[in-house]
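You will see two complexes here that share chain A, one where it goes with chain B and one where it goes with chain C.
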Partner chain A sequence: MFSYTFQWNQALNRLPAMLDGAWVTMQIAVLSMVLGILFAIVLTGCRLSGNRILSGFATTWIEVARNTPALFQIYMAHFGVASFGLYFSPITSLLIGITFNNAGYLAENFRGALKAIPDTQTRAARSLGLTPIKAFGYVILPQMLRISFLPITNQMVWAVLMTSLGVTVGMNTDLYGVTQDLNALTFRTFELFALAAVIFYVIVKLINFGARLLAARLFRY
Partner chain B sequence: MFDTSMTLSDVWFLAQGAWITILVTIISVFFGTILGIGFGVFRYQVGPWWGAPVTFILDIFRSIPLLIQLVLVNAFLGIVLRLQISGFAVACGVLTFYTAAYCAEIVRGGIEAVPVTTRRAARSLGLNWFQDMRYIVAPLATRVALPSWIGLALGVMKDSALVYVVQVTELLKSTQILITRLQEPLFLLIIGGLFYFIISFPIARLGGYLEKRWSND
Partner chain C sequence: MKKSVVLGGLMAATCIASAASADMLDDIISSGTLRCAVVLDFPPMGMRDASNNPVGFDVDYCNDLAAALGVKAEIVETAFPERIPALMAGRVDVGVASTSDTLERAKTVGFSIPYYSFENAVVGNEKAGMKTWEDMKGKTVGATAGTYEAIWIEGKIKEWGEGQFRPYQTQADVFLALSQGQIDATVATVEVSEANVKSGNFPGIAIVDKAPMVPDYVALFTMRQEYGLINYLDLFVNQQVRTGRYAELYKKWVGEGVPADLTVKGVSR
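Then we have the complex of A and B:
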């Protein structure tokens, strides 16, 4: 059928190395997600604070994160800040780039979630004597995270897919980087990347499945 | 810091990159939307069981990094089938299906947002399936789906930064070429980023405005 001979075992022999890469990919994705959620909460707090400087900072972060490519943000974290004498390793740059992106998108999602929470709750919490920060932390935040559970899952998938951009700043231990290196060794481009694609697909499915299990446990009323 | 060796021809070079970015985006969003509407309506119409193959294939486009999709398709066409296809065509083709995969979801969401009773009323007035779709469902679903669709189009614009892997010199790649030559990474990256921001931000704002304006509450 094809004049090309597929050599799948060339790729399959490399599966252990690629699975190691997949593990690194997962670690980066999870770490960037945890940091991203934390930063997004801080950004949401900044926006709610009513302080013009803080909310201006948060808005700038969110708009830049949402209106420029993720690849650009990673370049910026690697090549851009090098002008200030800050030299990050590829993995750090990748982590900074993805975290920046995650935080921006999640903060926007949180804003949507906040709209679903009535203002009266904040007022009730304040009139019970909670400080603004406590009212946000104990009353609003848990509901906000619950409402935005699905967007957080989607962002987690995005984070996994974004790790593949690390190769552009010289990352070679994540799944895409490992595949790229193996490709340079064996020239089995199609087989290797097809295998990488399958691994990515499985990871994404596992995340969706895990999120569903988690949702079933967390949101039992 | 404001001392740069960038010349006017470099700016022109960047503008050409920006034009490629816009061109790839317009082509893939246009065809992707048509395909996406087709897939979305099909999936809604045939139900989850018969729609499963389509769902599965579209799901693949949303679960694999775009970078890998581009490399795979390029390798398949170039190495396996030995076809001579330009990187630009490969980029447009992959991004079209990428757009279609997301668009199908949006379309399905839009159709589901139209109350069944409204459609029954339309059918009982004697409209056939096509007329129902054209005059009842399409206007109502568009109101629900347009803000997300704008978001999708902008997402494709930003993701088109990845087509450099199939040797298409779009905006970010041209920025990078200039960085290699001029050695002024921060300045050039800010300019490249501004290009994206200027294209994306007004349209994103329009989407936000329409969402607010058209929401039912």
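Then we have the complex of A and C:
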């Protein structure tokens, strides 16, 4: 049935363009993670604040981010908000969508990490005279980030893979978008997407390797 | 011992493979079904009617082809970028999907002679205030990823060195983005443009100008090595024109007027 001759050089010829795409993918993923972690910390803070409005806001965000498809979130960040007159470029929409998703998942990871830190630590910090904010920032937060380090790398991997959803909002500069463009041009679907898969795999392996090196340096006791 | 098992397995596999890949034309006739890849997001060539059934020029064309072969037609809905994977994975036999027959693509799949030809129009958001196609220079222009017009406008934008190109996955997304003002203009076939402007689903858009490109000839496609089938497709396209069915389908789906000439002056194929 499968009578097709693979012409790998047709895909390898396009490798430079695809590597440029991979670089864009990395940039989006890293930026969305940095922003995602910041927002997740804010969301965690909102949840802990005891203020009903703030924690309601955080809960809504986390619920939507975790329980709807990332594709929906990215699509909404482009076509959805445009119905209200807010125009974002494809790359911005993608970044907003992934950041929103990252923040939701990471906030949930942080909640798990917080559960692993004994209450007594906050109490001890407070009894030393630290304000609630300082107790959180100096005592709890560093431990929370340490415990959730591996889930964070996991989310980073997910962020890289989620960039491939950008094509639905008109991205054509990321790895998947570039591949899709080349596919339209040449119809060498299998070769091009196989190559893209290899590049994705290598990126993810590099992230995992980098995370391990970083963990070894950061978490020496 | 092990070697002989592997060898035997390989031989058996080759036998099965060679028996199964006799000839696609034979396979279609003996299976009794012709599976066509049709894009149903491309009115009036392919779309869905009120009761969600696939209709359109391409759908009728597939039905005609199946009738000629004496088999049942099966419409497999396929998005533009998925036409080739669908063919290669054996999910469809033939693509009746308004596919432009570029030389680059012909290295991968086998094309019949052209069965239709499109002219393209520039459609603008009224707020962008465009008068001619050249006003696209410096603007944000979208098109359906993987189409002839998308490849053309992307090339033009690169040539101009200003402006931005945005490919969307479906024709509907392009017109949604255009109507919302996310993009200033798009290049789409005259047929699609007129249908979408008339439909009223996308307010605030208007046809600006014709796009000055070589007519977009589209062909049926199948596996590149299936000469028997390609030969049949060529004759089928020829017969459609000869019998007046081509003009009939044009009138039914596109409207009054003369359908595009499918011959190129000064050369034969």
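By definition in this document, the second predicted complex is superposed on the first by the 219 of 221 C-alpha atoms of A that agree within 3 Å, B and C clash if a C-alpha of one lies under 4 Å from a C-alpha of the other, contacts with A are read in each partner's own complex, and residues count from 1 in each chain.
Just so we're on the same page, a contact is a pair of C-beta atoms (placed from the backbone, for glycine too) under 8 Å apart; a residue touches a chain by one contact, two chains touch by 3 or more.
It should be emphasised that the depicted structure is a prediction, and the values quoted were computed from it without experimental measurement.
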Check your understanding: Touching A:172, do we find chain B (first), chain C (second), both, or neither?
Key -> second
Review point. Looking at the overlay, what does A:189 touch: chain B (first), chain C (second), both, or neither?
Key: both
Check your understanding: Is A:205 contacted by the first partner chain B, the second partner chain C, both or neither?
Key -> first
Review point. When the two structures are overlaid on chain A, which partner does A:4 contact: first (chain B), second (chain C), both, or neither?
Key: both
Review point. Any idea whether chain B or chain C touches more of chain A?
Key: B
Exercise for review: Check whether A:83 is in contact with chain B, with chain C, with both or with neither, and answer first, second, both or neither.
Suggested key: both
Practice item. Overlap the chain B and chain C contact sets on chain A and report the shared residues. Key: 2-4, 79, 82-83, 167, 189-190
Point to revise | Of all residues in chain A, those that touch chain B in their complex | key: 2-4, 63-64, 66-72, 75-76, 79-84, 157, 161-162, 164-165, 167, 176, 189-190, 193-194, 196-197, 200-201, 204-205
**Study point:** Of all residues in chain B, those that touch chain A in their complex
**Key:** 60, 63-69, 71-72, 75-76, 79-82, 154, 158-159, 161-162, 172, 176, 179, 184-187, 189-190, 192-193, 196-197, 200-201, 204
Practice item. Under the touch definition given earlier, write down the residues of chain A that touch chain C in their complex. Key: 1-4, 7, 10, 78-79, 82-83, 87, 90, 167-170, 172, 177, 180-181, 183-190
Review point. Which chain C residues qualify as touching chain A in the complex?
Key: 20-21, 80-81, 84-85, 88-90, 104-105, 107-109, 142, 145-147, 150-151, 154, 165-169, 173, 176-177, 180-182, 223, 225
